[in-house]
Structures are given as C-alpha cells and as structure tokens.
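Going by the order they are written in, the chains are A, B, C, D and E; count residues from 1 in each one.
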Amino acid sequence: MKKVGLVDTTFARVDMARYASARLKACGTGFTVERRTVPGIKDLPVAVRRLFQEGIDLCMVVGMPGKAEYDKVCAHEASTGLILAGVLEAKPVIECFVFEGEAEDGKELEILARRRAEEHAENAYAMLFRPQDLSRKAATGQRQGFADAGAVRPAY
Amino acid sequence: MKKVGLVDTTFARVDMARYASARLKACGTGFTVERRTVPGIKDLPVAVRRLFQEGIDLCMVVGMPGKAEYDKVCAHEASTGLILAGVLEAKPVIECFVFEGEAEDGKELEILARRRAEEHAENAYAMLFRPQDLSRKAATGQRQGFADAGAVRPAY
Amino acid sequence: MKKVGLVDTTFARVDMARYASARLKACGTGFTVERRTVPGIKDLPVAVRRLFQEGIDLCMVVGMPGKAEYDKVCAHEASTGLILAGVLEAKPVIECFVFEGEAEDGKELEILARRRAEEHAENAYAMLFRPQDLSRKAATGQRQGFADAGAVRPAY
Amino acid sequence: MKKVGLVDTTFARVDMARYASARLKACGTGFTVERRTVPGIKDLPVAVRRLFQEGIDLCMVVGMPGKAEYDKVCAHEASTGLILAGVLEAKPVIECFVFEGEAEDGKELEILARRRAEEHAENAYAMLFRPQDLSRKAATGQRQGFADAGAVRPAY
Amino acid sequence: MKKVGLVDTTFARVDMARYASARLKACGTGFTVERRTVPGIKDLPVAVRRLFQEGIDLCMVVGMPGKAEYDKVCAHEASTGLILAGVLEAKPVIECFVFEGEAEDGKELEILARRRAEEHAENAYAMLFRPQDLSRKAATGQRQGFADAGAVRPAY
C-alpha cells in the first residue's frame, strides 16, 4: 500500500485539496492519502519533509499565492524549499500553485484551480503507479489547468 | 510538555515577540516558551537551528525588514535560511515578518505588527496542539494582520 | 558498463529526449540509457537524485520552459535544484533547456531543440568516456544549438 | 575561553576588521580572536565553515561590495552562503557588509564602515557573553552604522 | 605536496586556464595542478565537489558567461553551487568569471580575462601557501583584472 501526502494551506481561497483528493481516488486504488493543512506556502517544505520521514512515498502540495509582488517572492522561496525537501529525501513532490492573478475573477479562479489540482493529481498518481503514462505523454506540451500547448509538429 | 522557541530582533521597531508570547499563552497550556533575541533577521536561521538542536518543537520568529530595496533582499535571504533550518530539522518555523513599508505611519505599523504577531501565534499553537483547527480553516483565505481574503464562492 | 540517466518532461513541446538518446548511442558504446519522464522541469531534481541513488553515473535532463516571466523563475528553481542534486551526489548533470521564446516559430523551435539536445548529448558522452575531447575544446566558445561563438583571437 | 573568528577581504577599501577587533576587545575579555583574510566576499562562507570546524564559537565577517549591479548579486550569493555555513554548524555568523554606494565619498564611507563594524562587534560580543543585552534591546529599532530608527511608540 | 584543481569550460572564449596555470606555477612550488574541462559554468560545482572528494585542497574555476540576461542567471546559479560545494567540503573555491559584456571587443576581452585569471591564480596560491600575503593586503581595495580601487584614506 503506497502513501500519498496531500498538504494545503489556510491561505488559499479555493479548496484545491478536496479536488485533488477526489481525483486521486478516481484514478485508482492501492494507496492511502494523508492530509495536512499549514498556514501558508512557506510552511509546505517542512510539512513535506516530515511526511516523508513518516514513510510517505509522494507528496502533493497545493497553494495559492496572492497578487502582490511579495507573494511571488514567497512562492519562489516555497518552491526552492520544496525542491530541497524532495532532493534530500529523493522522493517526488508535486507542486500545484495557482497565482490569484492568473484569473480575472473568482469564478475563473475556482475553475482554474480545480482543473489544475485535478490534473496535477493525475500526474501524482501516474508517478507512483503508471510511469508509462507519463512516458507516453513525453514532450507533448501538457499544461495543468489551461489547454495543453501540444507538441510542435516536427519540421523534418 | 512541548517547547516553543520565540526569536525576535533588536532591529524591529515594534515588540511583536511580546504580543506573540501573550497570545500563545492565551491559547492554552502544555508548553513552555524559550525566548531569544538576535540583531537582525539574517541571524534568525542560525538561532532557529540552535533552538531545534536544544529540543525545541516549533520556532516562531518575528522580524521587521526596513523600507529599502536592500531590506527586501535581506528578508529573502532570511526566509530562505529559515526554510533551510526547518527542512533540515523537519520541524515547523512560523515566520512573522512585517515590512515597514506595509503601513502608512507608526500607529498603523504598531497595529498591523501586533495583529500579525498574534494571529501567527495562534497558528503556531494550532500546529502543535490543534492541527484540526488548521484543517477546518483549509482554503478559507486566511490572512495575518489584515482582514481575511475569504474563500472564493464555488462556481459550480 | 556505465549508466546514463535521461529525464524529460510532459511539458516540453519537442521530443528532445529522443534526439538526445539517438545521438548518445551514435557516439559509442559501453553504456545503457535509463529513461524517465516527469511532468515539469521542477520535478527533474528529484528524478535525478533518485537515478543517482540507483547507480546512474551521469544524468542528462531536457526541458522546455514556456515564454512567460514565471517560466523563467521555474527554470531558475529547477536549475538550482539540479545543481544541488549533482553536488550532493558528486555526479554530473547535463542540463539541456530550450526556452520557447528562443525561437520565432515552431519549426525554428524544433530545429533549435534538436540541435541543442544532440550537442548536449555529445557533451554527456564526452564527460563519461572522452574527457580529453572536452579538454581539447577548452575555451573555444562552444555553443549548443546555435553556431559556436569561437575563441577570441589572442591579442598578444 | 571562547573563540571568535574574524574574516575580512582584500577587496574592501576600509579596514573594518581592525575597528571590529579593537571594539571586540574593548567589550570585555574571555575570548581570543582568530583573524583570516580572503580575496572577496564570495570566499567568506568557506572561511567561516573552516573556522567553525576548527572550534571557533562565533564568526564575524566584514566586507565591502562595490557599486555595480553585479556587486549586489555577489553580496546576495555571499550572504546566502554565510547563512548556509551558519545553519550547517548551528553557530552564529555576524555579517557586516557596507556597500560602497551607501556613502557619498571616501570620508563618509570610512566613517560609516567604522561605525558599522564597531556596532556589529558589540553585537558579536553580546551574542557570546551577554545575550541579556540583546534581549533588553529587543524591538528597539537598532541600526548599525546609521542612527537607530528607534521603537515605534505603542499606539494603544 | 598540495593539490590544486583547475576547471574551465568549452563555452569560454579565452583560454584563462592556461594563463592561470602558468601564473600558479610562477608563484612557487609544492603543489600539483589537476586540470578538468566541463561544457559550461553550471557544470563547475559538480566538478569541484568531485575534485575535493579526490583529495584536492583548493579549486580554481574559470568561466566566461555570455552577454545575454539569461547568462547572468546561469552565472548566479553556478556561483551559488560553487559556494555550496565549497561549504560542504570546507575547502576554498577561487571563482574567476569574466562576463563577455565587460569588454568592448575581443582584444580587450582577452586582456581582461588574462589579467583576471592571473591575479586570481595569485590569490589561489596565497590561500594555500602564503595567507600572510592576503592579510597584508587586507582592505586595500584589490581588484582582479582591473586597476585596484585602493584603500580609502582614513578620515580620522
């Protein structure tokens, strides 16, 4: 039985963890989900390292940085820390961030955040159970939350 | 008995540690608070690691970067170091920074810094003793020091 | 028998791993290639560390950050993590990134990405089997994907 | 007997280490000072780690980045490395940097650098021998080299 | 017998390693030089860590980032990685980078790169064999490749 960690924040404005969890479970079985909530995205790296040390196999984290310039800095610090935690443990961290400024209004934000969380959840599942699905999609311009960019048609 | 580390700086202009400490104690019992003061925010990461190595369970740090562009760089370096210290020890660091430029005048700065310190102190308490409180507030747009942004109303 | 890790992403729009793999094999023998695909470039550092821990001698990673400002930040985070993974294991990581904005259109992007992947693959092979080839090209202004800049003619 | 490391650079234009050393010794006794000089600020992190591994209890480093944009990048890299060295060893690093552009002319630069070095030296002494002095100055808006900003008068 | 590592890149356009090596040998005896060439500056940190693990006492690295904005990012990543490698091993890394944009034309670039490589080589030698030479030059405004800035005349 594999173990997936799923960490979200009280800061986010859309319940991405719920969407991610539902999609994870819709993907298949063979795993349990361990949920955690921290205050903000900068608290995610420690939560991830802790979960790994408790035997979690893969962590998915969801967060929603605000619109201000400073929020971008926080997201950068959080991402750097998440990569650090992952590299130290040699275990995958699926980071799903939606910046509030990516959407025009609340409705759009909700839709974008839900789709991105669901698609990252599919990636998380594939990393643990179906790496061949990722291999098949290699270099096909996949995007999470927006329409896929698609592969560039080979020129020769 | 849990142990909370609380570190502040001589650089800050509002006594956030006092507000944080009072609020921590108002939240409940079952913990002691270990106080430290360092010169500036860039000294916080080492202080945090030291406290963790002395058996502290969670560190809360409070700091007040100045208005200059360089202060933002220092805050970024401090934050990166705080995440490093937390990840290496796999123990939570609650970072409470108030930038001097966030407020119009001294009075506003005092009010903002006090509220943010108190609300981060509540988060610190919850992380140690009531993680279910954080779970209940997941994705509800919590903000520390300012009015909460609130959850986006689900669009579907 | 040496082992080369080759990791790409589902995000990329040109199949650089295919070009890299073909060129690696055209360079010589004495190695096997272990392929992996992860969702995006920020997932590369963990994949690299994992491969190293499984006994891989050198990792080549290929990725294609998008055109947005945020994509540059992600690439920076990924690069920092790749260097971290390499330094922790003391094993080489050949990073081959092509930014979508480097080319005018799809055709140009395909050509650029292919050439860069092939030339980085040659470097990867040289690092493992023919370090003297790299020594011979020292300070000759080599570029991957574009025309070489060449050495500056000594002025004295 | 405590041991203080004091590292400066050949790059700096004001002999801050001399001022720092004199002030350290004027603060009290019970410690020895181990001096080192490296070429530039980016060499400081390694020097600090080395000193710590030789049994030094606290390192003070003094440096003077130039006026160019690139010098700011170097200072950022140096600071990040200094925090890394401190966190890895869990020992304090007092960083005293004066940017050449902070002063109008040489005379002002000399005065600023001297005052900042002396005030950081006092902090270094306090961290080792009189932490209660730092506690007493907590959140009082201390500045090194310039006039103190002072505490914001509590608004309520 | 001390061991000096000297690593350069195929990307650079001036053979700084040759100049550095010649100057190192002109400084004195008592050491051997171990040469390596990697593709680009981002490959330097791993090469340095490897050399240290093979028993090298000090590494000098020479590189020449291009003129584009992205080249500055790469240089920043490389520098951060070099400091990481040095700190992890507690051994000095002398970084000698010349940005292509620092010179007007090829001739100037060649002269600048040669002088900087030679002066950094002198620093490398001094760090290993004559630290007292660095101490004597402390805070004298040394520059590598350009005229020294010199010490600010003490104002009091």
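Just so we're on the same page, a residue touches a chain if its C-beta (ideal position, glycine included) is under 8 Å from a C-beta of that chain, and two chains touch if they have at least 3 such contacts.
Everything numeric in this text was worked out from a predicted model, so none of it was measured.
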**Q.** Common touching chains of subunit C and subunit A
**A.** none
Q: Same or different, please, for the subunit B to subunit D contact, judged on whether over half of the interface numbers appear on both copies.
A: different
Q. Hey, how far is the Cα centre of subunit C from the one of subunit E, in Å?
A. 25
Q: List the centre-to-centre spacing of subunit A and subunit D in whole Å, with centres computed as mean CA coordinates.
A: 40
**Q.** Residue list for subunit B, restricted to those that touch at least two other chains
**A.** 80, 84
Q: Answer with line, ring, star, complete or other to describe the graph linking chains that touch.
A: ring
Q. Starting at subunit A, then subunit C, how do the chains run round the ring?
A. A, C, E, D, B
Q. For the complex, which residues does subunit E have touching subunit D?
A. 72, 76, 79-80, 83-84, 86-87, 90-95, 99, 120, 123, 127, 131, 134-135, 137-144, 149-156
Q: Would you mind writing out the residues of subunit A in touch with subunit B in their complex?
A: 8-18, 35-39, 42-43, 45-47, 49-50, 53, 64, 66, 70, 73-74, 77-78, 80-81, 84-85, 88, 106-107, 109-111
